[in-house]
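Take a look at the structure set out below.
Naming follows writing order (A, B, C and D), and every chain is counted from residue 1.
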Amino acid sequence: MSEEYTKRLWLEEDLADDLKWSMMVKNVMFSGKSKFQEVDLIHTGPFGKTLFLDGKVQSSEVDEWVYHELLVHPAMVMHPNPKSVFICGGGEGATAREVLRHKSVEKLVMVDIDKVVCDFCHEHLEVNKSAFESPRLELINDDARAQLEAYPGKFDVIIGDLADPLEGGPCYQLYTQDFYQNVVLKKLNPGGIFITQSGPAGILSCTEVFTAINCTLRSVFPRVLPYTQHMPVYCDVWGWNMALTDPKQAEISPEEMDRRLAARVEGEMRFLDGATFEGLRALNKHLRGCLAGETCIYTADTARFIHGSV
Amino acid sequence: MSEEYTKRLWLEEDLADDLKWSMMVKNVMFSGKSKFQEVDLIHTGPFGKTLFLDGKVQSSEVDEWVYHELLVHPAMVMHPNPKSVFICGGGEGATAREVLRHKSVEKLVMVDIDKVVCDFCHEHLEVNKSAFESPRLELINDDARAQLEAYPGKFDVIIGDLADPLEGGPCYQLYTQDFYQNVVLKKLNPGGIFITQSGPAGILSCTEVFTAINCTLRSVFPRVLPYTQHMPVYCDVWGWNMALTDPKQAEISPEEMDRRLAARVEGEMRFLDGATFEGLRALNKHLRGCLAGETCIYTADTARFIHGSV
Amino acid sequence: MSEEYTKRLWLEEDLADDLKWSMMVKNVMFSGKSKFQEVDLIHTGPFGKTLFLDGKVQSSEVDEWVYHELLVHPAMVMHPNPKSVFICGGGEGATAREVLRHKSVEKLVMVDIDKVVCDFCHEHLEVNKSAFESPRLELINDDARAQLEAYPGKFDVIIGDLADPLEGGPCYQLYTQDFYQNVVLKKLNPGGIFITQSGPAGILSCTEVFTAINCTLRSVFPRVLPYTQHMPVYCDVWGWNMALTDPKQAEISPEEMDRRLAARVEGEMRFLDGATFEGLRALNKHLRGCLAGETCIYTADTARFIHGSV
Amino acid sequence: MSEEYTKRLWLEEDLADDLKWSMMVKNVMFSGKSKFQEVDLIHTGPFGKTLFLDGKVQSSEVDEWVYHELLVHPAMVMHPNPKSVFICGGGEGATAREVLRHKSVEKLVMVDIDKVVCDFCHEHLEVNKSAFESPRLELINDDARAQLEAYPGKFDVIIGDLADPLEGGPCYQLYTQDFYQNVVLKKLNPGGIFITQSGPAGILSCTEVFTAINCTLRSVFPRVLPYTQHMPVYCDVWGWNMALTDPKQAEISPEEMDRRLAARVEGEMRFLDGATFEGLRALNKHLRGCLAGETCIYTADTARFIHGSV
């Protein structure tokens, strides 16, 4: 009987104006509400424990490790010796968790605007609990740009783990040329690396924001390295753009990446290794063409937005 | 008003027991029915003109070129000089279309069991029309195994473009060790190559059938080369397995692949080139682990099936 | 197989902000488009051939006879001898069909703004075909108010078969006190009767527009007779309000209604007879309370609207 | 933001094979599980606090009072002086609540098979709490037939408040001629009345079970009085059949019904009064025809079932 029943409660998410999907809900585990957004931890059939902000999927237990390994470790191992790291956003805690696996890291500053979300994830996401409690982590609940600008000193790696640049949303100004030029670049130590999640990067979706973020970074940094990977919970291929102040760092061999991962990181990677990354950074012809043809540079005026709104 | 309206007619497809999606339908263009299945060409919002067999997505105009370039050309260019090709299934006509772009091909035999589907696609899929009418194509509507066994002579390339191995479905016996050993291998010329679509190959889905097809082929051929790519219309990463009778052919450089594509194929590739394929064949660590851990060899008794049934 | 398939195409309709239903679509039979709206005839699973305007259900073959018998015959038989009838709206043709079953009717004027809808229904709704071709019918495609005002002479029965009074929609001014006072009342012969469909009248929905239409009519006519009946295709109880210039006409016995139906109308009623109507006009306590408590009189300024918009 | 969000969690219910609806879920308030079924109290958008058994709607706060007034009071007031009442089923507690409003009632025996459901409703349904705690109520958790047969003495009114007669379900034997003849009739005092909910009774649904229950009762009792009313939460008109051992009791005037309700019942009716009931028992021509044409008498062998299964 209960099988029959549990198929009746569904969470419906618009993937586009003309495409929606519904995931079976086993249990609404926890719900909270801040002045910015609603946060829910829902046990869904296809994705297990799944985190939602305002009803939009943030991450799920079945594939968050893929996303977070790819957001954190490529930049961290391309840097020769990352000691100081800054995370813009990242309130879920998983990005911090991955950063803190690097033994070289002495200081991690994480600035997420929503204290309620941070507390919620600290309390309810078991896998991220110890990260929130690490003495190396300084967690600040405020605007990421203001804090990054004001923070004393510079960083070896800066990570953008922000919501997509939705029109009218809180994060779009953190994807602009102005932010990259006048804040991020200035707060990186020599040889510093910036990495940001960059939205959907599939055949049909890559020009929504991914290519423009790439183009914007290329207008500021001497070397930008894009890579992509399918994320089941987002129903699409996802994209990341890494921006290097020292172009030579990008020319790491798979074998060297494996060596550095082994030497510097606690525990095993589940998804990433040198060979994996070699594949992810080898973009397909269609995507390379879209990147080459992109001319949009994000400014406050030209920002392009993906589907949805806050 | 019509915008409002067109959002009301939806085609719902089960992606799993606990996950379903709905694509907006603009127009049911054509429908037909054979003794095997229903065939429909439906103009959907997210995927344009989309072909369905028994209500299950087969291909769409927005991404079928990705699937068919990847099914056909890697094997064709790894072969030194493919003159004769055999397609198991392929009634849509797009696989034949891609094969016939190779100037070296003198004879293409395509065996699809469903004449109604072939006629339907010949009539309604404009992009495949000339392939159906090529003098180099011999189209037979019958059982692919029986025809392949009985066909005089051997082939340089054999392509499996069949429905997924659904329990009780018409195709599962065309994924077994027995078929590969006793039919496919025997009907390949020296240096011949077999390539088959191999079902979903995502992080969460790769062990449904992809790894077992790979394992089965490895029990028969000296070299099997798996590769994957996200297909939006299938809502997942898709997998292919190429089986080579001459292992050395797999060691083609990206530059050589580009040279052969340019020299042998009419027109431009949209998705594939040497660099693209280099990325697709570099599987991620998780998928490599799943392939390495797979022990299932498909026989009539052990066949594993993906979600769904006929 | 086809059973499986036909369950996959669904027409989704919002019943409220927080309630929607989906009916299985067997076949989109015909579609048309005027400058006012889209019109579609769709064969649905639960309701058979179903007419949609802008994707909103208008009527279905499984229950349109209930609606149209109740819209037309109670007023027609309460009138002693209806010779001239005017229909505001009614483009589907079924209201005209029922009116023309009355042998007393010499002239029927029907004014529907949308010629495309009238032509579409004339062509595709077999049961209404002869009504459209009756020599007693004068069909005018124009604004109903303008035509009613300008039409020479008066009418015995005026029927409002209009779309619901949606905000910004074309029909809301045809539900106002001004229209009833200054047009309808003046164009009725002595002893004339006005009847109008009046939107949903269920326990939860009756105060959306039903009670206000009743209240507005009561401000103009000496006697208003409301009645209701469940309509499956509207997923609710539906309401009608009959406004009489001669209050005594409302006091017809069930037996007298049966006699008049038998004497005046061609063919058998399927739903209505004297006993039926006795039940429908005996409103429940809750609904009577809502009617008694209603104070809203529709004017151009105070018009209240039901869920949805044009 | 939260408005946007709360529209995303939906409870989907099949209304038929080809019709389903989805109600927005605000909150899953409480869930329980017995050896018979799952029980959930869910706050839905359209229906407020709604009780589900195995994911099937049982009742909602916005209209349960309609159902329970109609199940209980017509039979109670047609009986001259009901002192002893037996409820088959009724675990929700609302039927008992309405019975206990009758000052004449000295003893109420309620037999519901599922103790978990009774305890759940006792705890979570505030409006029924005092009924569960009444000293006049004897609540037994067991099979209703066995308890009714074995219970010492007879009853003035017996009420069937059971789940629909689903194939293989626990209740279908409580709708058979054998049960009515050999148990119910024998356990009624002289002048006793039996009343049972009788499933959907709409134009399209009345022959599912409603007419057969009526026909079965007519084969046992000298007078059966059917009546119907739309229930929003069931998305249909609902039916009840009252079976009287003394046919004359059915001929109560609306005024007498009002007098008895006023004299015997504590508090006000919200839905029912004499005029209301006069309307509900005046069935429409179509329904009367279906009742007249029904020949099916429920026995263990011929039981007909409505859509759905346990």
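Some notes on this structure:
Note that a contact is a pair of C-beta atoms (placed from the backbone, for glycine too) under 8 Å apart; a residue touches a chain by one contact, two chains touch by 3 or more.
All values reported here derive from a predicted model rather than from experimental measurement.
Steps from chain A to chain C, taking the shortest chain of touch contacts, total 2.
In summary, the interface at B-C recurs among the listed pairs A-D, C-D or A-B; the equivalent pair, sharing over half of its contacts by residue number, is A-D.
When the C-beta pairs in contact are tallied for A-D and for A-B, the bigger tally goes to A-B.
Inter-chain spacing, taken between the CA centroids of chain A and chain D, is 55 Å.
Between the CA-based centres of chain A and chain B the separation comes to 34 Å, rounded to the whole angstrom.
Contact with two or more other chains is made by residues 22 of chain A.
Because contacts link each chain to exactly two others and close back on themselves, their graph is best described as a ring.
Every pair of chains in contact is given here: A-B, A-D, B-C, C-D.
Put simply, chain B touches chain C in their complex at residues 1-2, 4-13, 22, 25, 27-28, 33, 37-38, 40, 52, 54-55, 310. Against chain C, in their complex, chain D makes its touches with residues 7, 15-24, 44-46, 62-63, 66, 202-204, 229-230, 232, 235-237, 269-273, 275-276, 278-286, 288.
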